[in-house]
Each structure stands twice: as C-alpha cells, then as structure tokens.
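Below: one structure, written as structure tokens.
Note that the chains are named A, B, C and D in the order they appear, and that numbering of residues resets to 1 at the start of each chain.
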Amino acid sequence: MTTASVVGASGFTGGELLRILDGHPEFDVVQATSRSSANKTVGHAHPNLRHLDLRFSDPAELESVDVLFAATPHGVSMDQIDRFREAADRVVDLSADFRLDTEAEYDEWYDGHARPDLLAESEYALPEINRENLRDATLIASGGCNATATILALKPLVDAGYVGDRTPVVDVKVGSSEGGAGGGAASSHAERSGVVRPYAATGHRHEAEIEGHLGLSVAFTAHAVDMTRGAAATCHVFPDDRVTTGDLWTAYRGVYDDEPFVRLVAGGSGVYRYPEPKAVAGSNYAEVGFVVDPGNARIVAFGAIDNMVKGSAGQAVHAANLACGFVETAGLEQTGYHPVGAP
Amino acid sequence: MTTASVVGASGFTGGELLRILDGHPEFDVVQATSRSSANKTVGHAHPNLRHLDLRFSDPAELESVDVLFAATPHGVSMDQIDRFREAADRVVDLSADFRLDTEAEYDEWYDGHARPDLLAESEYALPEINRENLRDATLIASGGCNATATILALKPLVDAGYVGDRTPVVDVKVGSSEGGAGGGAASSHAERSGVVRPYAATGHRHEAEIEGHLGLSVAFTAHAVDMTRGAAATCHVFPDDRVTTGDLWTAYRGVYDDEPFVRLVAGGSGVYRYPEPKAVAGSNYAEVGFVVDPGNARIVAFGAIDNMVKGSAGQAVHAANLACGFVETAGLEQTGYHPVGAP
Amino acid sequence: MTTASVVGASGFTGGELLRILDGHPEFDVVQATSRSSANKTVGHAHPNLRHLDLRFSDPAELESVDVLFAATPHGVSMDQIDRFREAADRVVDLSADFRLDTEAEYDEWYDGHARPDLLAESEYALPEINRENLRDATLIASGGCNATATILALKPLVDAGYVGDRTPVVDVKVGSSEGGAGGGAASSHAERSGVVRPYAATGHRHEAEIEGHLGLSVAFTAHAVDMTRGAAATCHVFPDDRVTTGDLWTAYRGVYDDEPFVRLVAGGSGVYRYPEPKAVAGSNYAEVGFVVDPGNARIVAFGAIDNMVKGSAGQAVHAANLACGFVETAGLEQTGYHPVGAP
Amino acid sequence: MTTASVVGASGFTGGELLRILDGHPEFDVVQATSRSSANKTVGHAHPNLRHLDLRFSDPAELESVDVLFAATPHGVSMDQIDRFREAADRVVDLSADFRLDTEAEYDEWYDGHARPDLLAESEYALPEINRENLRDATLIASGGCNATATILALKPLVDAGYVGDRTPVVDVKVGSSEGGAGGGAASSHAERSGVVRPYAATGHRHEAEIEGHLGLSVAFTAHAVDMTRGAAATCHVFPDDRVTTGDLWTAYRGVYDDEPFVRLVAGGSGVYRYPEPKAVAGSNYAEVGFVVDPGNARIVAFGAIDNMVKGSAGQAVHAANLACGFVETAGLEQTGYHPVGAP
C-alpha cells in the first residue's frame, strides 16, 4: 500500500479526502491531522466515518508518508510546504496556494505568495486539461470548484475556436459546503436557506484560475443557492461565426469521449436534460452540456459537479492516482444517487 | 367598496390575489371561481385563507363586478375575454395573453393569438415603466415574473444609455411556485429539491416580453433553484464606454427614487449586500442593485422579487390601484420577513 | 401613539418585534438597541426593514417609553429588569427569565434566578390561557415557542379531563430561527440542512414551562428539522376512558371558538389535513388539531405555529395589546402565504 | 456471476436497486423492466446511471435469472408472483405484498391478499432480526422503511424486557422519496417543501409490520419533513422498572455489536450526538441510539436510516446476499457523506 496523510482533516474537504481514501484500493491513510480536534476520532467531526479506527493528531508532528494531502486554509500550504515535502515524496494541495503560475497573479488576486519559486513546479490537478504533466508530479494543486466546473464546460469551445471576441459570461451557483466548516452569520441555516445570493458579484479569484489554465478571460459572477454540495456553471459564449449543434457535439465528443469522469448531457427528453449538480451528487463525475441560441448568436455551455468531489477531494485523488501510476479511476468509481436532494 | 372577482382562484396566483385583496382597503371579493374546486372553501386549496368565508364557484357563471382578475392558464383569457369584459368594467389578466403588443410576436413566441384586435388596447401592468398608461386602463396585462425582475434591473441602464452594442446576458433563478399548482414529475419534491436546473436554457418567452417593454434584446437563460417563492435576475451588461459606480447610483436613483416598491441595494456590508429574493419574500418590494466590474468592462445588475407578489399578484393589484384611482400602494404595504427561508 | 422600545433588536426576535410594531396602529417605536450593531440602520441586520428610518442605539442609554420589549438572551432581563422598568411602565420580556413561577423551578431547570421576588408578579403572555391576567399587566413573559405549540394543542384535553394517568408524549419539530442569529457549527447551513436532529432528547426547559402553565407533566423531545420558521408539536395522549372524535370537537370548539388566532384543523380532505407550520407561516395564527387512534386508545393532538410570530414576537405584541387596552388583534392580522416553503 | 433482474426499474426503489447491483461484485443485471419507459435507457429515468449500457424492457417478457427483484407498487407482486418465480429461483419483493404473516392482517391493514398460501413461506428481509431464516430463502419480503427504523431502534429494548405495559409511542419523520416517483399535488415541491406534515397520523400500515416482526404493538405517527432521503424514528418507551444508561449500553451492544450495518450513537459531544438521517445518507448503515429520561421514567430510542438503502433497496440486497451465500456485506459497503444535505 501507498501511505497517505491528510493535513487539515477535520474540515469538509479533509473529511471528503478521508472518505475517498478509505475506499481506495491503493492508499493507506496513516495520519489525519487537526489542530482543533486532536485526539478525537475522525468520526467525531465526520459522522459518515464513524467506522474508521483513526484519531486526529497534531499537525506539528507529521509522519513520513508517500503522499501528503493538504486540506488547509489558503496561505497555510505556502508557509508549510517545506515541512510537507520533507514528510512526503508527493504533496497534493487542495488550497489555492499553488494553483496560479506566477507571483504577479498572487499579488493581484491574493495577498502575494511566500514561495513563488515553487509555482512553476506545481501541476494543476485537473486531468482533463493536464493529464500528462500530472504523471510523476510531486507538487499538485487541486483546482477550485467553480473554476473546475467552468473550465470543463468551456474547454471544447476554446479548443475549437468557438469563443469569439466577446468575453464569455460565467454565472455560477454553488452550495454551502464550499464555505467550509464553521462559517459566520451568513452561513447560518436561517440566513443561508433558500438564498439566491450574489456572494462574489465580481472579482472572484477563480477568474484568475480560469484564465491561467484555460487561457481565456471570463466575466465571472458566483451565487450561493440552497444546496449543500454542488457547483453549476452556466457559460454564455458568443462565437464570431455561426456554430451548429452538430459542430458542438463534434467539439465536445472530441475532447471528452475518452474521459472517464465527464458525461455529455445536452438536451434530450425527461427531467434531466442538461447538466445539474443533482445528477452527479456524491460522485466524481462532471456533467457538461451545451445548447445553441441562434436568435442571440449565443452558445450556452453548462458544467455541473459535486464541489466536494470533482471540485475538490475527488480531483485531488484523481491527480494523485496519475502521479503514483495507479489506475486512473481507482477509488473514484462511486456512482451518484437518484433521487437525491441537495445532497 | 369596489367589487372584484378572481377567475382561476384555486391556482397559486389566484390564491395570492385572494390573499392580497382580502387585506385591501378598497376591494371586496365577491366571487372566486375554480372549475376543479367548485363549492369547496377557498381555505381548502389555500390553507392560509381558512379564515375567509368564501367558496369557489363555477367559472361558467360570472358575477358582475367592477374588476375581474383572471389567473387562468395561458390561452384562456384570450378565448374568454368577451365574457370577462361583459362581467367587469376592468379586467386584469395575469396570464401571458395580453402582454405582447403584436400578433406577430404571439405567432413567433406562442401559438398565435385569438384576439389580436385587443393587443393595442391592453396595458402592461408594471407601474415602474408604464404608470401613466395604467390610469383608467380597462384591460391590463400583468407581467411575467422573470421579465419583471429583469426589466427592473435593467431599466436605468437602458435609460442612461449604458447598455452597449453587446447583447446583455440575463441569467435568472426562480422558485417552484412559478410552475403553478399541480405539475408533473419534474416538479415533485424529490426531483425538484436541491436543483440548479436549466429549465429554459434558451428561447424563454419572457425574452420577447423584455424586448417588447424595455426595447432591449437580451440573451436569457432561466434556472430552477431550491426555493418556493422568488425570482432573481443577474444581468451582465457591457457598456460601450466606461461607467463608474457613481454614474450608476445617479442612474438608478433617478429612475427609482420615487418608486414606492423599489429598493436600491448595491454593496455595503453585512449579510445582505446585493438584491436577493429572501430579502423581499412575502412583500411587493423589488430589490435592484448593481456593481461595476472594471476588469471586464462589465456592469452586473441584479433584480430580486417575490415572484408571487411583485412578479404576479402584487403587480396586478398595483396596476388595478392605479386604474381605479386608489392610493397606489393600497393593500400592498406588507413588510417581508427576517429570517425567512424559501419562503 | 404609545411609545415602545426594543432592547436586543438586532437578533431574530428583536427584528420580528420591529416588523410587527412597524405595522401596528398604536405603537411608535422610538428606540431599538443593539450592542453589536449600534449606529447601524435596522435594515443592516434585517433586510426586510430597509424602509425604516431607524438606527440601533446603545443599550446603555434607554429612552423612556410606554412599553419596553426585551429580546435579549436568557439571563439579561433578570439582571437588567430594574433599568427596564425604570425606563418603561410596562416590560414585555421575550426571554425565559420570567416565564416560570418559582425560584425552585429556575434552580432546577436554569442556573437559578437573580430576582425571584418578581416571579409572582410576571404574567405569562399566552392569551389563550391567561387573557384576563394580562389586562393591565406591567411585567409580561412571552412564552417559548415549543411550549406555546404544545400548550395550545393540549389545553382542551386538559380542560375536558381527557388526559389519562399516562404522561403524554410531546414530540416537537422546530426550525432554525429558534436558535437565534449567530449560532455555531451545528447551525451552519451545511450541517443543519436536511436534518432530523434530536437536539433536546430529554430535559428541554420548555417541559417545565408546559407543566407550570398547563398543570401537566409531559415527556418532551425536540428535533431540529429543515425549515427556517415553524414549530410543530405532536402530542400523544392516552385518555383513561374512550373519547370520540365528536367529544374532541366539542372540547376544542369550546375552548377556541372565540379565539382570534386559533384555527381548528382536524382531518378533512386536500393537501393540508392537519396543522402544519407551512399553513401558518408568517402569521400569528396557531393551528390546532387532533385525531383519535382507537386501536391504541390514543389521541394525537397537533399544534403548529410560526415560532417567530405566535411563538415569540407576535405573542408578545398580543399580550401587550391586552395590557395596553388596545384592540386585541391590532398589528397581528397579517395573513400567511400559499404556497410557502420554510418559509 | 449471478444473474439478476429488476422489475419496476424506472421507479425510485428500482433505480436504487440498479445502482447497488451495478456496484455489486456478484450480481450481473440482465434485465430492467418498465412499462412506461420501455426501450429507454435506464439513465433516462435515473441520471446517476447514465454510464450504464442498459435499456428498460417490457415487463411482459421476463428473462430467466437467478434472482428477480420486484420494485413494483403494492398489489402487483401478489398477482404476478407465479410469473416471477417461474422466471427466477429467488424473488426479492420490495413492496408490502409479502411482509405480513397472515391473510387476516392483509384483510385488516390492506385490501386482502391474492396469494395467502405464500405468506408463511416468505422471509422478512431485515437480517438483524431474521438472518438465519434468510439463508437459502426463495421468497423474500423487504421491509418498509419506517418499520425498519423502528424495529432497529426498539429490538434491544424488547429483547431485554425494557418495554413496559404502556404502548410505546413511535413518532417518525420521513423524506419525499418514500412517496415514489410521480406523486400528486401534495408531493409537488411548492407544497412539500419545508413541511412538518402528519401524513399518517394514525393507522399507518407499518404499525402492523412492526407488531408482526417485533412482537410489539406501538402507537405510530408519521410526518413528512423536508428531506429527500431518510427516515428517523423517535421511540418513546416507558419501562416498568428503572433502567440505567449502562443497562441500555449493555442491551444495545449485546444485540448489535456484530452487526455490520448498525452503529450505536448515544450522546457524546459534537454536532452529531444522536442518530439522524444525514449521518447515514447514501449508505446502508442504520444509526441506533437512546437516552434515559429519569424524570419521566422514559427511554427515548432513535433509529435513523436512508430509506432508499437500508430502508429498501440496500436491505433487499443484504437479504439476497444471505440467500445466495455471498459475503453478507457485498455491494453495500458504500460510505455516506459529510457534509450532506437532504441528501
């Protein structure tokens, strides 16, 4: 078995990593750290993991492992990266600390960067756009959930040259798990229930991430809606020339036909005609779809994921599988549910 | 008292009309019709109205009243309009039957129109854009909820010339009450709960309504989300020239400062920084707001309403107040709630 | 006008008081205090009240008013009661500080009491069981929401002698607004959404309140469920002798026929056959109902309220109306909504 | 591989069977029937199963398989049982048709029974109370979800003799998936969202099932609440003699320590202190817990399950595993999620 540790394991993404790694045929989790919950069982924080015989340990004492997954808040990994890399041959970071390529971007979108020397070395975890570079990678940056949904929806249009001169509009809807465990007044059930809340009307940091990895500037707005898990990106794209539905099928199939975790859902009949988070809840699948709006010379492209899986912990494990040379889909074959609520 | 009747009163908008008219100082509801619930109390269909001593009657026998409110499915009013007008001096129709101006539009967006001769006569019920024409109107068409949220968000930008050559993108999120009582598999709680579902990815009929009454073509996409009441329009607008936040405050204040039911909410601190349906749930208020995105040369404008009130029955009564010469806000001063869920 | 102040006005119940008093024909709110939000507008904390021209002031400087409503956490009122009564002729307290009759009960169920001398003087705010004593009362204790729902459901059974030797079981389901603004991890949307959570499996303090005011010991368990507003009590009662449905109608009608805010809902057809919070959401109504279970020699009695209105601020204003000699229903006639979600 | 078919596969429980069997190491699904969706892909009805290369076929032509799972509405299996048994060596029925032991019970609680000769032969699927009889069973009746949650919560109390003379009260809360696909007005999102609705105040058929399999008469009331999946039973039990928390731990551990799918959750700290559906959502686990209420001489026992898994399709597969001699937990090891909403 390949040994793994999860740093910051009492948070939501940390718990999701533990869930996935527990069912993974290759990984053996030997340490889960949490400053606030040290010595408590992982089941205390994550009731779904009550069957695990594992307790949180103090992050000050990292065990030596093959792969260290860091699920710490933004800013921690860049400070602790030397310790992390000393403890593990490979580090998979789920924060934003190694997602962008240059110090200048961190100066613009974040509060600078403590270790810009490592940015060129880190690999973005989304296999659909970076598979080959992930093989043997030793520093991996798992993508943001909104960026992931958007990049997957738009990549075939970018590749096919169907994005025109106009900046695409990306209107995202996300669930409450994105905010992480804890959270303030705005995250309380009474204030957060039933919302359609523009929580990042402009200037969302994922805009930089999308531009960095897709090479496309988008006008991005994110809304909190009433679900727990899920991120849905509706991308409004205005091609310079006429594009048909057949063109789009060709473009999307060309990019995704061999992808194990991308499903094309574009029209058809029944209740679920376009991508939506319910259809992938609990799974590592992304649904991607599109529709042509001839009257407005527009393409509407959709991307829907479970933000905790494909948008976070699942993507991280997917990348780790590639880096470690495992079967790419190992530990990630979990099917979703129907019916399912938020979930 | 001015007598009123509600035709199609067992549906959701019919019930909302009864609720508002029951608390109205000028109106006296003398008839509520329902084919399916004839002879049952209105409280049987609408549990909030159990205190009313009123039973549904058969729509075949309309009583003579001053104002008839028609809350029937699309297509009924155009067929029944002569009966309605025979029964009442004024007809306020909540369906789409008299919202558009020309037969050609009905041919394009609906299945034609049975009484195109009346289209020029009907007045669109939204006072914020049509107040003067509503005074003494005898045929009034209450607007669609998505169109209402969008028109209110965009009108100051149109008036100020801040909408550039690019077609604005309007991304709408709506609650389940929009679908009306009944509904099929897609409306069941198990399938509808927790969704972000593109239910009208393109070609939504409100696109025509917006163009007709705002004089602006928009690229419109509507999503079902998990709330019962509420419609939120996020409008992505690309002005040809630079527009500042100050310019926008001037534009929005100029249009809405005297409007009794429009609130400007644009940034600030706290939990509720932009318009959202929770903040107006249960009330006739619309919240309208905006933010400048300099990096993308974009304005994001928001409109949020309770689709059952400002987006339907409240707007209808507001217009009826104007037509009847009542105090404009009569019966509509109900304050919303906090905290409130869907609601 | 009668002047009023709300102490602790930035919390949920404080905001609900402001909402109700704003629409009240007799009261004029001259002060709303909040330590944390001093100098901010009330609309900053309560977006539904953005139209009010009122700012929070520091609770250290209480203005002289006719009625002071205290919406402070448990323990504050008993400490501040002299200041409150100095500032106002009448004090209506929405906390638990003056609900129980004896110091011994506070020693058993709470952490003792700072002013036991006042307990005999305070009047319980629920008019359905204490109307006459509320007239001219100067210290009023608004009841707990769970206790209110339970007392209303059970009172006719107690009065008629239909509660047998067996302790009734009261199984309550409540919404997230009960926890108040703020709240910790358990109140976050991600942890609180979709729950059926036994948050007070035994020993809930409202058990004492029910016993004190109904004279009946009950075995009480409370669950958090996924709604924002609402409290529903399901009461399982085992009469010593056979009781028929007719007996129950007689008993409930006898007690509630003249009550302006109690509706009897017991069976019938349609979607809403028994009391449920949705049917009264946003209103001061309580729905009360019952069904006989002959096979188990059981009566199931239901009580459903909006915990923020009938279970808190509405009840407080109702009691204040009685104490001030106003029309009893003044300011409380607001009808509920249909359809409505949490709300 | 052991071949299996699912009859009635386009419904919710049919889809859940397909999901579980798809991940099962021993079963190979060769047929999924649906009258209404014949020839459509299973992914058309169940979006989580879009990856399956399987179409619904007409139930008139059953293929020969080793195990036939019937997920048809109540009444169908008893009519079709000869066809089912001709097609398969083993039949696992998820309806209520073979859950009760005698024709008299079906006469009392249902509309009689077409094949009472088979009732003695059928085995109740809940392994925790019927494991040995399930080995080699050829006709298996999967239990009802409410009955399952209740039986699991109460069994240790029954076995230990801790249920006194008083009939226990069982107050159940269930999610909307229990009603199955389709559903009428009461199941629509607008009417069903945010409810605490007593949908079976008395006389629920699961009362008979609990009595039949637990040998205990209970006073049962079921409420619909706002979740999609989940059933939670709160059981109020009044022992004749004093029972301590230690006694209960001994009783529950004695019954469940070796059970692979039962977790004891009784108090402790943190957010999840008692059983609740969120903690087991998406898994075959049941959480069972208890608390002593000395003041009322009461034991409150809790049972929480995912009604679609442990309460239906998971239980059915569990029983089939036993009948076929497979590893008991095969295909059912799926861990739940955190955080998770309804789910």
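Just so we're on the same page, a residue touches a chain if its C-beta (ideal position, glycine included) is under 8 Å from a C-beta of that chain, and two chains touch if they have at least 3 such contacts.
What you are looking at is a predicted structure, and each value in this text was computed from that prediction instead of being measured.
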| item | value |
| --- | --- |
| Of A-C and B-C, pair with higher C-beta contact tally | B-C |
| Label of the chain whose CA centroid is most distant from the centroid of chain C | A |
| Euclidean distance of C-alpha centroids - chain B vs chain C, Å | 34 |
| Cα-centroid distance, chain A relative to chain C, in whole angstrom | 44 |
| For chain A, residues that touch 2 or more chains besides their own | 12, 175-177, 181, 185, 190-191, 193-194, 226-228, 271, 278, 281, 339-343 |
| Parts of chain C lying in touch with chain B, wherever the complex brings them together | 12, 15-16, 19, 22-23, 44-51, 175-177, 181, 227-229, 263, 265, 268-272, 278-283, 308, 333-343 |
| Complex contacts: residues of chain C adjacent to chain A | 12, 175-177, 179, 181-183, 185, 187-194, 226, 228, 341-342 |
| Chain D-touching residues of chain C, taken from the complex the two chains share | 166-167, 169, 171, 173, 185-186, 190-191, 193-198, 201-203, 207, 217-219, 221, 223, 225-228, 230, 232, 234, 236, 238, 271-278, 281, 291-293, 295-296, 298, 300, 302, 304, 339-343 |
